[in-house]
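Dropping the structure in here first, questions after.
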Amino acid sequence: MPDIVQMTGIRKDFTGVRALDGVDFTLKAGEIHAVMGENGAGKSTLIKVLTGVHAPDAGRILLDGRPVRFHSPAGAQAAGISTVYQEVNLTDNLSVAENLFAGREPRLGPFINFRAMRRKAKALLDDIGIDLNVAAPLSSYSIAMQQLVAISRAVDIKAKVLILDEPTSSLDRDEVAVLLGVMRRLAAEGVAMVFISHFLDQVYEIADRMTVLRNGRLIGSWDTADLGENALIGHMLGREAAELEQIERVAAAHHVEDETPLAEAKGLGRKGSIAPFDLAIRRGEVVGLAGLLGSGRTETARLLAGADRADAGTLEFDGKRLTGHNPRTAAARGIAFCPENRKTEGLVGDLTVGENMILAMQAARGWARSVPPARRERLVAEFIAKLGIRPADPDMPVKNLSGGNQQKVLLARWLLIEPRLLILDEPTRGIDVGAKADIQRLVAELSAEGMSVLFVSAELDEVTRLSDRIAVLRDRELIDVLETESERTHERIVDTIVARGGHE
Amino acid sequence: MSTVQLTERPARSTLFDGLSRYLPISVTVALLVALYLGGVANYPNFGNSQVVAKLFIDNAPLLVIAVGMTFVILSGGIDLSVGSVMAFSTMACAWLTVDAGIAAPVALVLVLAFGTGWGLFIGAVIHRFEVQPFIATLVGLFLFRGLTLQISDTDVSMREIGFFQWGMTHVDFGNVREGGFWLPYLSFVAIAVVIIAFAVLHYTRFGRSVYAVGGSESSALLMGLAVARTKIGVYAVSGFCAALAGVLAAFATKSANPLANVGAELDAIAAVVIGGTLLTGGAGFVLGTLAGVLVWGLLNTLIAFQGNLSSWWARIAMGVLLLAFILLQRVLARSGEKRRA
Amino acid sequence: MSSNGNGGRAALTAGLARVRRSAYLKRLMWPLLVLAALIVVNIAVTGFDFILPSVNDGRLGGAFVNILRRSAPLLLIALGMTLVIATKGIDLSVGAVYAIGAALACQMIMESGNQSSLGLVLTAVALALAVTALIGAWNGVMVARFGIQPIVATLIFMIAGRGIAQLITGGQIPTVDGSSPYTRLGRGAILTVPVPIVIAVAVLVLLALLTRRTALGMLLESVGGNPEASRLAGIRSKGITVLAYLVCGLCAGLAGLIGSANLASADANNGGLWIELDAILAVVIGGTSLLGGRFFLLGTTVGVAIIGTLDDTIINVGLSSQWQFTAKALVVFAVALLQSARFRAWILGPFTRGPSAEAPPETDEPKEVAAP
Amino acid sequence: GGGDDGDGGDGLIVGFAQVGAESAWRTANTDSVKAAAEADDRIAELKFVDGQQEQDRQIEAVRNFITQQVDVIVLAPVVETGWTDVLQEAEDAGIPVVLADRGVEAADEDLYVTRLGSDFTEEGRKAGQWTVETFADDADGTRILELQGTTGSAPANDRKTGFFEVLDAEGLDYELVDSQSGDFTAENGKSVMETFVTTHGLDGIDLLYAHNDEMGLGAIQAIEEAGFEPGVDIQIIIVDGSAAGFQAGVDGKLNYIVECNPAFGAQLMDVVVQVEAGESVEKFTPVEEGVFTADQFEAELPNRQF
């Protein structure tokens, strides 16, 4: 097979960080090539260098054997490289259809033909298997849907190279299946693809070859068939495979002794986002929320966290009914909330890692009582170490961190205040295997120490493994709570959801 | 083909999807009408159709710069140079025709080209060197006021140039003395600018990328849109509009005054924002800007008809009316959103 | 990755912090360079007397000291504006609030019988400051509570404010006796240092301490950088926003007092006219982005010094009034371009080797008063 | 005529498009006009609009008066040019226009009935005349500092022109050491003067010519604070003549005042009534304005109204 893309000796420095150091990368026609590595290994940077977002500090890029140097993604796109970047990069003030066709709208003379555009958008989404109102603003859909829209856009550009940087991070099984189907079809049509994902099963299912990066350096490239899972993890993390044994086994075996609920929602609901529901979370218990995309998990979490105002029902915490529940009072009572969209709702990009971590604690103390510098430095250093945040520099603006490390900073912010109820909405999204295991272990440990956790994840495995009880949602309604161990299985959850379906 | 069909209802109900973003502007228009009716009820002669026509005569240049400003603000920028560029353009018309003796149509083209060129230049500086728009265009505000004063520090008359008679030539609608009204050609130019701007913003690729860039510049870049062209383009549009407004002012008064239009950029920004466009970019309508300019003009007309306010009470009244308007707009739009939620 | 010992890491961190702090100085370098250039031009034209302070009447004088003294009101306003801009806001009403503060105090003192009574002056000053703080808070409430865009919210007082000031003075220009203690606010000296300079520096230090020794600065930057994230982190973002506007109003009022005390009169119509533009300009020259987030009080101070010196330079160099605007435009343009890393790279591009003509984006912006 | 279409009973409805409220002089002028209209039985209502120093707003105001069908329009134009169309509209609507204070370009002379006001060039000439007389024997040449009004404004331009016209015509040996705009405000007057003092020093400077009171008063403070004696170390001329200006004169801090009289309200109302009645009036009626030397300040001070 001919090489479509050939990158040699790529180096990229950011202030204080060498993100890529002499990396070689080759993409062959028609192959699906996975780029693997820990958070911050340099995967996204490699993509951005290839597509002209960043200029490389050294190295050559050949496209179809000819040297190229793009100055913007538009240039790369024109040359046949279509990309879905890691964070959803669409403009949510425009409609779905406009986002799909921005820059290449069907036109009538100088004017955009909106009717044709909507029709084409509909057809495109249909083809991929998504049913949306294409005239609605993109902002009215969940992140997962937005991600699918971004993918559809990239696919429709009909490029010879398609790059997908963690496209599946917020998708659940069905959606992933849809995506992988599309990828296979494109591969058959001869499109070369770069696929970045932290889900090893997906990678093994779809990729022909793998390239592993670590710390900005190339570790090697292998055919998928030649590289076992443990060996891959070993290459990624640079640790011995034996060390990693326990990663899959998380200590979920603990018992909830205290039966009195720490938090109890009764008929809590909000018009237009989630139907009134009852849910109790006991001390030291991990409650998982399972459901399909858009089923209302986020909304449930937000209501409990006080991020949104409920318009029905009551919420009791520690036996007391909460009135005027909002993020501030919630934090004061020990309810912590890591929102699902870290870029827009979680982090303050311009502030440093340390400042972002200290934010909730400082908010609770009020502005006048600043956290003493010594204590602050100690805490920040402690959590940077504990969560393995890299680079371990508390003074780095958080926006310069890789996605996974940003997630850890957000988590650290809330762990710092030692909450009693920790609400995690997709905390493991975009996190590498090692870190994911770290976070899962952390959740297990925290709950063993008596902290209650509400855990939302698109990965059913993760939810079933960690949770003591699982609330199942569908169509913005809480339809069941699975209590016993035997109930908390993958199949049972799927059955519950399907059983309530009926129509479709 | 996949077998699963993924579906999701948008968070907002579909019936209103298309309409929801028109809510702020509908509220603005409704309040505008209410304001007008209030004037009619309270002041004799306010119902005279010329009162409405007058809004399009006296505010024609403001309307034009506000339209240009709408492009810039929608893209997430701001242009403080418009007032000075406008004054400079009027002065340049006078200078080219009266002093340099260049044929008026040629002068007009030169002035418009210069305004556009300035916009291109400052847009390029903003984009290429990542200079904050506020400061880059503030340079324009100072620079063109200075250049205007250097051309002439007194007012200059252009009445001898026959060409400039064109702008105030009337078209009468009905008998002006009996309830009809008249509009000069320059009002039609302003209205045409609004219509063209509307078409460009909503129905062309350039227009949509203005919204996209305003929504998120980095996303637009990563989506492969022509961000540079768009960002530079909006300043060119604004520069053109400012120059055109200057030309309209030349038509309107057939004179140039070095101190004209001081603070016009703020009037324009105010009109745009009152019209519901978000200063952060990405959301708003050029028709909202039209409404904003009309609100601005109508408030001034109301105060003029009241006629017994001292200078300071007139200012206070303007502030209070504006406040009431904005609060109402805000409250109505909010409760409208809630009702639909 | 974890090979670094703990001690090594601490040293590394400290080293990085030092690098960052000097990076901040580097950001300040360009505005400082322009300031220095302006001063050199003045010295070249008028001799070293320009920079050397002289003492007369027990008060420091001399051209440069005079510039600083005259810039004090602008500095006060620009400092308040810095905080507002840090919250992603803007305050257009400061000029009008300046006029209201000045009008209130002067009118009250003028109308009373005994202008030299210290009690009266203090009451007038307190009243004026209270009213201007209230106006600032009102602006803040409009922005934070009613969600009105800052530019419109403050536009209301920009329009109405001068009307209120004129209402207070009846359209006249109230004058205060030169003997009244009030005028000391503008003309007096403490240990030979002119009072306006003392006040402005005191406010600068106070705000720097207030924002950097407490958590206020960080919370402000957080609210400005990402309001929604700040809300979810439990920050009272509304309260903080209101506070920023309140301080801004207070600063504008104080500036009005100093300005009017200097003249012993209050001009409701022209006092502080267009000062909002100069203030915003100073803030931006000083490196604070209008998009909110990081703010730099020291940078603002340098910006004010540039603007103040510029006005004098035009006169000293002997340019006519017509040149005032043009010269200002050119200097501001120079500062803006020099501050742009991209521009510097573009200009210096041909002189530097290496493949990367593109400068790394200026991403790290450490805060100015780093906690030790 | 006779107010037949007015609805305010038997008096006239007059629309007054004022420049703005930019100075104490202007406010005094507005007050004078309003008070005169109030006191005058022949005037039913005075509609007042503040143009905030912008021609656009004034044009708008005049159009509004036309729509409101007032009997007479009084316009104090902020600039001279650019009034043709709107004045024509007034004429078409049959509403007579009286100019107050400033004038419009000569070509529009047919479009207004009469003008009542000051002559800024003449004021400049008066100041120039005094300068020529005072410094005629100055052997080493007269060194002059000038504080101009707002750059580009009519009073600033005309007061400058008139002043130097006389100086040149009379052949005075003078040097204009520096001339900067103080924007008609005390604040800028003071700060520009401070800079003058540090740049040029005051030794050897003979005269300061300030285009209005406020700038002059600001400059006086700057001179005092620099340790000089205004009126003695440097002679000072101001234009306008407010009470504060005269007070400074009484205190010996300035030497010559050229009056620019804002209090022509009563005179204006007479003209308005005459015009409405169709009586013939002079095309230009100057407002009575004096000049005052040091020995007259004390006596004149009590007469000052603003």
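To keep things simple, chains are lettered A, B, C and D as they appear, and every chain counts its residues starting from 1.
Here is the rule we use: a contact is a pair of C-beta atoms (placed from the backbone, for glycine too) under 8 Å apart; a residue touches a chain by one contact, two chains touch by 3 or more.
This structure is a prediction, so every number in the text was calculated from the model and none was measured.
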item	value
Contact-richer chain pair [C-D vs A-B]	A-B
Chain whose Cα centroid lies at the greatest distance from that of chain A	D
Chain C and chain D: spacing of chain centres that average the CA atoms, whole Å	36
Whole-Å separation of chain centres (CA-atom averages), chain A against chain B	42
Where chain B and chain C are represented by their mean Cα positions, the distance between them in whole Å	30
Distance from the mean Cα position of chain D to that of chain A, given in whole angstrom	71
Residues of chain C touching at least two other chains	166, 171, 321-322, 324
Contacts with two or more other chains, residues of chain D listed in rising order	20-21, 27, 30, 151
Multi-partner residues of chain B (at least 2 other chains)	149, 153, 310-312, 314-315
Chains grouped in pairs wherever the two touch, ordered by label	A-B, A-C, B-C, B-D, C-D
Of chain B, residues touching chain D in the complex	43-45, 48, 50-51, 54, 57-58, 61, 149, 153-157, 159, 168, 249, 252-262, 297, 300-301, 303-305, 307-312, 314-315
Residues of chain A that touch chain C when the two form their complex	13-16, 55-58, 215, 238, 305, 307, 327-328, 330-332, 337, 339, 344-352, 355, 358-360, 362-371, 373, 381, 388, 390, 392-397, 399-400, 413
Residues of chain D defined as touching chain C within the complex	20-24, 27, 30-31, 148, 151, 178-181, 183-187, 190-192, 194-196, 198-199, 214, 217-218, 221, 225-227, 244, 306
Of chain C, residues touching chain A in the complex	1-2, 4, 9-10, 12-13, 16-17, 19-20, 213-216, 218-219, 221-222, 225-226, 228-236, 240, 293-294, 354-358, 360, 363-366, 371-372
Footprint of chain A on chain B - complex, ascending	1-14, 17-18, 21, 199, 203-205, 208-209, 211-212, 214-216, 218-228, 282-283, 341
